[in-house]
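Here's the structure, in structure tokens; my notes come after.
The chains carry the letters A, B, C and D, assigned in the order they are written, with residues numbered from 1 in each.
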Amino acid sequence: MEREHNLVPEDILWKRFLYRIIYRSDTKLGKLFDIILLALILTSTAIIMMESVPQLDKRFHYTFLILEWIISIFFTAEYWSRIAVLKNKKQYIFSFFGIIDFFALVPFYLSFFFPVTKYFLIFRMLRMLRIFRIFNLLDFMNDGYLIVKALKNSSRKIYIFLLFLVIFSVIVGSLMFMVEGGRPGFETIPQSIYWAVVTVTTVGYGDVSPITPLGKFFAVILMLAGYSIIAVPTGIVTAEMRNKRQNLEKICDRCGNDDIDDDARYCKQCGKKLA
Amino acid sequence: MEREHNLVPEDILWKRFLYRIIYRSDTKLGKLFDIILLALILTSTAIIMMESVPQLDKRFHYTFLILEWIISIFFTAEYWSRIAVLKNKKQYIFSFFGIIDFFALVPFYLSFFFPVTKYFLIFRMLRMLRIFRIFNLLDFMNDGYLIVKALKNSSRKIYIFLLFLVIFSVIVGSLMFMVEGGRPGFETIPQSIYWAVVTVTTVGYGDVSPITPLGKFFAVILMLAGYSIIAVPTGIVTAEMRNKRQNLEKICDRCGNDDIDDDARYCKQCGKKLA
Amino acid sequence: MEREHNLVPEDILWKRFLYRIIYRSDTKLGKLFDIILLALILTSTAIIMMESVPQLDKRFHYTFLILEWIISIFFTAEYWSRIAVLKNKKQYIFSFFGIIDFFALVPFYLSFFFPVTKYFLIFRMLRMLRIFRIFNLLDFMNDGYLIVKALKNSSRKIYIFLLFLVIFSVIVGSLMFMVEGGRPGFETIPQSIYWAVVTVTTVGYGDVSPITPLGKFFAVILMLAGYSIIAVPTGIVTAEMRNKRQNLEKICDRCGNDDIDDDARYCKQCGKKLA
Amino acid sequence: MEREHNLVPEDILWKRFLYRIIYRSDTKLGKLFDIILLALILTSTAIIMMESVPQLDKRFHYTFLILEWIISIFFTAEYWSRIAVLKNKKQYIFSFFGIIDFFALVPFYLSFFFPVTKYFLIFRMLRMLRIFRIFNLLDFMNDGYLIVKALKNSSRKIYIFLLFLVIFSVIVGSLMFMVEGGRPGFETIPQSIYWAVVTVTTVGYGDVSPITPLGKFFAVILMLAGYSIIAVPTGIVTAEMRNKRQNLEKICDRCGNDDIDDDARYCKQCGKKLA
């Protein structure tokens, strides 16, 4: 929406045309473009995954290479188009997805000059995040926003909870370092903290587990704690979600208040009867 | 209910009689039929399980075979009866349970022509789903519908959450593939993603676990994330269930109170007699 | 309360006295009795635990034996007293705690005639359940009832959920039996079901874990399912608890309705203004 | 706040000045002091962790030693200052954080007389708890109080739940001791209880797992129980948090609506202007 006026003013028709296809999905072509984009992102991700499997890479090495070339060229073209059709180019380039798009392309072009190591693939993987934008354009994400909003509103409480959890794990980890001495998995404090987090989050790999009776006793307490305090983030988010069940479409037409609960019959700001 | 008018119009009495027994449970015979069906489904499932245990199969092979014959003949008769008593036969044949009933019988009849492999048993296992229909007929499922309804209403949010979780796991898995190199369990990206899902869902088999300090550090972050975001599906479903509890239609027309219990005769806020 | 009139009518004073001590805790002696009982139950449990540890049993065998004698004699005396002070003796003997008290004593007396095996100790362990009754008498359990009530009210939904979970696990287990063939941990269907439950409940021992890529793929889906559907029991119980936040003390003095919400100002049954 | 009047009455200016810096954070210097404190606590914790890693300790032993000296001197100075600026010195010395501050310093001064063993490090780790006080001063903790309040209000219910969980685990553990005999991990009752807690809390290390079919069957039941009853603490805390959100004192005196947001000026149910 806010990008409409961002078009080049003397925009020749094809720019307006392209803008509509790329940034919108209210036309058939725009929808098609989004679906092609989605398909290519998934293909690209699948190729990266399969390349990492030696057996597959050996057999299909050249197929993967050619597909990567095609996809990379498409994404490069897309990247330039996205910039070209905008007047305020910085708005896209330095946006979240603009940066992701850029870094996802970098490894491909670097590979002409350097041998690309696996350390670059994470950039290409980040491209998956664009799926959310496409789904957003295709209108699948209305409900998603409610989740994100509830998480954002409760993020501060969750951070405090995580801070508490980390400090708790550090102290318990140190305690276990004292208790379990230098037994395997408890050789250092950081390792003991790793064990504490594995335990309190109820993951429980079992690569490290207490050996002495006292260690097992503390472990039992830690597990019971972890099992109980999982209620805290859940309670936070649930209370927030419950709270957010407000009617997003209703607006008071006298005072403009848009924070209107589903069950409200009068505006809580100006007292007007709602339609 | 919608099947009543589905009977053959010139229906001879026994068809109407059979229909009532098979599709309903408001008669004693109908209830008995359901209970026999339930017993046979459980027996059939138990036999399939026991057949897979070599010691048991060796000892009771022929008992199992005979029981399977009996049960299969019963289910075949039941399948044909279900079709016979209906006018619009397609309605059952292509219904969810009609398809399940059909495929659950196929392996038995195929075994006359081919050696039946274990790959067929899953079809016979699907028969267990019919337990839900029987319980439904026997009226045990009123509350079950509330669960299903809450899940259905929140399914879209849960899909978005799962999509997020999958993308998150893929990215974290790729990151760990970079960090843990080719260490056991992190040889390929798909394997690393498998580890990421095992960790973020707090399952934590321990068949794969991080080895390097950096890997453990990322694992700790992933665990804390998994421990916190479990709040999201919980919050979604809880908010939905809460919502489904109130009588959403009743409202006090004097004070506008809409928190009205099913059994209320007066408004608890202003004391007005409710219509 | 309902036991008061259960006293022997011609009850000599000591019976009334003893009754008050044993079944009530509104006197100092009654409270003392409860605390002694609590201490003995905990001691008894501790002894049973320690007896199972060979090192401790070797060293303190006779101490344990003597303590057991003393405790058993006390509990026997208590058992007879409980019966003696009541008129309607069956009410206690066949009550939940009466049966537990009886079976907790049986192993001790059997040991005079037979060598007692460890298979009896579970009866003695059940004695721990009496802690709840003592806590109840000592008035620590008001909040506990709210939990139990919420669980009871939602039990039917939880049973349906568990039924679904079991059927789901059986089907997934069978599927994995097909996929993972006879690989370790997936040799039989029951074993595969065991793995499915371990996975879907996010316990994840890791004693059994999928080996083939397809198996890992199904495992990932199962884990994501388990991670999401944990929301269901949580949602059920939360919705129920939220609902039960009613004022347990308020009663409408016109119609006797005691189902009064905290925020009610009028009785919802008769419309009377509440004090 | 309650400490303002706690200043030495004839307080020379620097005491008032120091008090403001140390105990408050409403001045720039006070904020700086808090941030330095935070940095030193984190550094101190990091050093203790790194000292426990042999490779790091070997290389940086003297760096760590010098840093510890500096930090310990700073904390000693801080400890004395905190006491010095107060009139009622006991208020700080015997406060929760006063005790922590004291014990965190003890190991350093003991090390002059005795060889300090690792058993002291837990005291120094407790210093991390002070992070909460600093965050509180810096006003990051408003939301944290809501969490703590909700936990406090529901603590009694959670204790009862934990009591139930412990008794349940003890009984199930004893049962498994009987079932799994002396198999590895089930040699004694305490060990079997350890397994039961590991299972019911869905941690599932896998260091102990059932071997016999009957043991696996009981384990499956225990897992399903653990998976379901996690709903209880969650429900308790969620119900409590939900409750804490509303403005419990405001009520509309025309219609009795008590679901009134903090920012409401008119009743959303009847439109009355709120006082």
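Going forward, a residue touches a chain if its C-beta (ideal position, glycine included) is under 8 Å from a C-beta of that chain, and two chains touch if they have at least 3 such contacts.
Chain-to-protein mapping (UniProt): A, B, C, D = Ion transporter.
All values derive from a computational prediction rather than experimental measurement.
Asks: Could you tell me which pair, A-B or B-C, is linked by more C-beta pairs in contact?
Replies: Top pair by contacting C-beta pairs is B-C.
Asks: Starting from the Cα centroid of chain A (Ion transporter), hunt down the chain whose centroid lies farthest away.
Replies: Measuring from the centre of chain A (Ion transporter), the most distant chain centre belongs to C.
Asks: With chain centres taken as the means of their Cα atoms, state the distance from chain A (Ion transporter) to chain C (Ion transporter) in Å.
Replies: A distance of 43 Å separates the two centres.
Asks: Determine the centre-to-centre distance between chain B (Ion transporter) and chain D (Ion transporter), using the mean Cα coordinates as centres, and give it in whole Å.
Replies: Between these chains, centre-to-centre, one finds 41 Å.
Asks: With centres defined as the mean C-alpha position, give me the chain A (Ion transporter)-chain B (Ion transporter) separation in Å.
Replies: About 30 Å separates the centre of chain A (Ion transporter) from that of chain B (Ion transporter).
Asks: Going through chain D (Ion transporter) residue by residue, note those that touch at least 2 other chains and give them in order.
Replies: 161, 190, 193, 202-206, 226, 230, 234-236, 238, 242, 256, 269-270
Asks: In their shared complex, at which residues does chain D (Ion transporter) touch chain C (Ion transporter)?
Replies: Going by the criterion above, the answer is residues 156-157, 160-161, 163-164, 167, 170-171, 174-175, 177-178, 187-190, 193, 199, 202-206, 209, 213, 216, 219-220, 223-224, 226-232, 234-236, 238-239, 242-243, 256, 258.
Asks: Could you list, by residue number, the parts of chain B (Ion transporter) that touch chain D (Ion transporter) in their complex?
Replies: 202-206, 234, 238, 254-257, 269-270
Asks: What part of chain A (Ion transporter) is in contact with chain B (Ion transporter) in the complex they form?
Replies: These residues of chain A (Ion transporter) touch chain B (Ion transporter): 45, 48-49, 52-54, 118-119, 121-122, 125-126, 128-129, 131-132, 135, 140-141, 143-144, 146-147, 150-151, 158, 161-162, 165-166, 190-191, 193-194, 197-198, 200-207, 226, 230, 233-238, 240-242, 245, 263, 265.
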